[in-house]
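Next up: some structures, all given as structure tokens.
Two complexes, one shared chain (subunit A), two partners (subunit B, subunit C).
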Partner chain A sequence: MLVAALAVYPAFGTGYGVRAMLQIFMWIALAGSWNIISGLTGYVSFGHVAFFGAGAYAGAILIAKAGWPWVLAAPAGGAAACALALVIGYPCLRLKGPYFAIAMLGLNEVLRALVSYFEGLTGGGSGLSLPTLHATVPIYYAMAGTAAAVTLLTFLIITSRFGLRLMTIREDELAAEAMGIDTARHKLYAFLLSAAGPGIAGALAARDQGYIEPISVFPLATTITMIVMALFGGKGTVWGPVFGAAVLFVAQELVWARFPYVHQLLFGAIIVAVVLLMPRGVLGILQVKYRLPRTI
Partner chain B sequence: MPAPVLELRRLSKRFGGVTAVDGVSLALEPGRIYGLIGPNGSGKTTLFNCITGVERRDGGEVLFGGERIDGLKPWQIAQRGIGRTFQIIRVFPELTALENLLVVTRGAIEEARAHALELLRFVTLERLQGEYAGNLSYGQQKLLEFARVLMRDPALILLDEPAAGVNRTLLNDLLAAVARLRDEGKTVLLVEHDMKVVMGLCETVFVLDHGEKIAEGPPGAIQADERVIEAYFGR
Partner chain C sequence: MNVVITPAMVGQVVISGILAGALYAMVALGLALIYGVMRVINIAHGPLLMLGAYTTFFLYSAFGLNPYLSVPVTMAALFVVGVVLQRSLVFRVVDAPELSSLLLTFGVSIGLVNLAQLAFTSDLRAVEYLTGSIPLGPFALSKTRLVAFAFAAGVTALAFLFLQRTRLGKAIRATSQSPEVAMVCGIDVRRIHMLTFGLATALAAAGGALLAVIVAIQPEMGQVWTFKSFLVIVLGGAGNYPGALLGGMLLGLVEQGASLFLTTQLSEVVAYLLLVVVLLVRPTGLLGGRQT
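Here is the complex of A and B:
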């Protein structure tokens, strides 16, 4: 029912409605992907938007400079993000706790600087324009597919022993190693899987917006938003990031429309409330309280 | 004498200026239970950590089944067949009891589940299989950790203070289980402060003091050893 409703929505919805749904799909893909590495292994990535930005630039360059159609540029954006994850995951995943978080934060700043520096390819600080194309509805479906794929991937991981092993890293990495679990390899796989979604979403967002610049695709606020969405919905659950992304996006829009000057403040208050009052998130609390299976 | 399962050759580990393990050599034969005792801070847990790869040794060799394993990663050593428990329990609290065992398995899920349930039955935790490990009592968590070690069917099992904090009934079950494992041909090395446990179960006891092995022998002889008494009670 829901799937069918979402599938026909572009035919009936307003322009604003379709764009809003597209944004929700993007946040589901981002929050869900962050959940795969950070919600399951406990390695908090504070620079996950780097994969979004890498996908956006890879996709935009392929479209604008190489003339690729966006349907091919989008998976290429995902591949670029995975390649980046492979290169930086290998050294960075050896870092524990806050050091990993800080390294990821640093990575994002480095990427932003690099993109600004290589003006010939990226347009530097003045940004990169894509050829005009009205493709909001096809991109709506592509983004919906990305969100669905990330959620399905999360489901498959969480219901497998691979997913349980990722959780042992979060629970007690030393004990996991002592049990014969190759934690380094598991973390790297999870990291790669968590980079693909943001890479694809980044390329799609770049195509949709038609113009990207370093500050628009590497903002720290995007990382924080996806983290808050995953935490609010329930980290380490399948549907938590979906729920968190949908609810918080709508809440943010409502607040922004009514209280344009204080919406940042209110969003900040939500972050503090979530962290303090329900670190497990909505679905996490329900899961523990009502003994729900891991499939939620 | 059969080929040793585990052999330490002049194993050393320093932390800054402190020598935690100081040239310890010992050999464990298959199918026997060994005790490792010594006052607090004598290097027992550090020795465990060096064997299992948690700590890098500074000198000496560790041989398992005749092959060098020092320098391997903890997970590689575990996969070769050394299982351990921890002094402070390290179960995975937000995984269920059953999941705690399933994580180490590969291959067909049905077989893995059957094997895990069998081991949960072995440690009398079968009815708690769906409970989060963090909700189990201290003693139950200890049993779960023990069952988790057995999932890989290790040839050598290192137990760090299995008796601490476990009530008498549970303890007797645990000790009976350890004796059964010995009868199956497995080798057990246990660190323990409870002398009754050590004396009742171990065939050979090693004594550490300030990182050095100061005595080795059957429990009766160890209890009468002058150096051991001195290490525990002072001169």
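Here is the complex of A and C:
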């Protein structure tokens, strides 16, 4: 029923409303993807927005310079993000947890520097413009599809043995290795899977906005928001990021989007509060209290 | 690259690298202490440095306090901030899985940066003091960098003396080797944690204070320092305090060297690649293993 309502929403929603729902879907895809690597394996990825940006740039370049239609450019964005994940993940996932986190911290800045450097292709600091196209409604559906795909993927992973092994890595990597789990490879797979969502979402977002520049697609704020949403809703769960994304996005729009610094400050505070008070997130609390199944 | 590398240029690189290296070493020592004693990765380290810079700036603009005299004041003030942070938030994640401490300090760092943006705005501030450089043969030594080096070297030396010679310093080192045994020996580990965090914050603040006359002050200035401090620790070996010195110097030299051949934008990439390479090839750092 909810699905039906969401499906017909663009028909009678306002322009702002459709945009907002589109963003919610985007955040669901992002937070859910972050959850796949960080929630399930415990390897905190602080630079996940890199994949969003990579997908955005790949998609934008294909659309603007090679004339691809966005329907094809979006998956290509996802593929580009996965390629990036492979390049980064291969060396970095061999590292143990804290070192991986540090490496991801630096990733953002590096990517921004690289984009500025390769100006010819990317338009450098002044950004890249896409031919105008009013495609908000189809993109709404595409983004919704992406969000659904990510959530479904999470469900499939959590209910599979692959997911169980990932969670073993999270709980005790040494024991996992002792049990014969090839941790580096599992982490890499999870990482690749977690990069596809942001890549596609990035390409779609770029198409929707019509213009991208380094600062708009690689901001730390995006990573922070992804993390807050997944944490708040419940990392390691399927619906946690969905819940977190929806609730926090709405709250943000209603209350504090007007005060950008307060907004981030609040997110920082929420992260601290969640870590200290409810490390398993809202869904985690509900899981315990109402004995919900693990696969929620 | 048809740049002819003259010996003078190499010399300049080495000198600039050493001057910068001491600062890196001092700030990274703080981070190393926190990690060594508490196993906490303090992502908020950079923002704490930023707060140090702002403290010096305000002391200068409000009271005309000489920025170099304000170094001890800033250190003391931020020492208190560090202790408070530890006592209120960080202590809860000391024994928790690393994920928690990472996320917690990440949240704190966001909070600090945005508080600074709200309180101080993003306008660039600067402390004008001691400009220009001293020529020394074919080299130019920036005055502010020279003084920063002197201070950083001095503070770091004092820190090491403290760690090696005083009872508290030894208690800190004991706790980082083994908290349980330290407790058995009668060391109040929780107090040591507070002290260490405060000390580390003071070191970061000193870095910030010294930077206040060198670079523009703005709320985001600390972020890159967090990353670079980690790089230093990885280079020198986590938990290895003298390693932080070596790592700092190395980073300074590599950075200056890289800027000779590459644009400044790319020299950040070099630092990052260095990190990845070192982590893959010798994850225990150049001085190896854990040894305090």
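Assume the second predicted complex is superposed on the first by the 284 of 296 C-alpha atoms of A that agree within 3 Å, B and C clash if a C-alpha of one lies under 4 Å from a C-alpha of the other, contacts with A are read in each partner's own complex, and residues count from 1 in each chain.
Operating definition for what follows: a residue touches a chain if its C-beta (ideal position, glycine included) is under 8 Å from a C-beta of that chain, and two chains touch if they have at least 3 such contacts.
Please read all numbers here as calculations on a predicted model, not as lab measurements.
Using the contact criterion defined above for the overlaid structures, shared-chain residue A:67 touches neither subunit B nor subunit C, since it reaches no partner. Of the two partner chains, neither subunit B nor subunit C is touched by A:131.
Annotation for subunit A, partner touching more residues between subunit B and subunit C: C. Judged by the touch definition given at the top, the superposed model places A:174 against subunit B, while subunit C stays out of reach. Judged by the touch definition given at the top, the superposed model places A:227 against subunit C, while subunit B stays out of reach. In the superposed model, A:107 makes contact with subunit C only, not with subunit B. Using the contact criterion defined above for the overlaid structures, shared-chain residue A:165 touches subunit B, although it does not reach subunit C. Once chain A of one complex is fitted onto chain A of the other, the partner contacts of A:15 are absent, as it touches neither subunit B nor subunit C. When the two complexes are laid over each other on chain A, subunit A has no residue in contact with both subunit B and subunit C. Taken in their complex, subunit C has these residues touching subunit A: 41, 43, 89, 92-93, 97-100, 102-104, 106-111, 113-115, 117-118, 223-224, 226-227, 230-231, 234, 263, 265-266, 268-269, 271-272, 275-276, 279-280, 283. Residue ranges on subunit B touching subunit A, taken from their complex, read 52, 54, 73-75, 78-79, 84, 86, 90-95, 99, 102-106, 109, 112, 130, 132, 148, 151-152. If you check the complex, the residues on subunit A that touch subunit B are 161, 164-165, 167-168, 170-172, 174-183, 288, 291. On subunit A, the positions that touch subunit C within their shared complex are 38, 42, 44, 46, 91-92, 94-95, 97-99, 101-103, 105-107, 109-110, 113-114, 116-117, 220, 224, 227, 231, 261-262, 264-265, 267-272, 275-276, 279.
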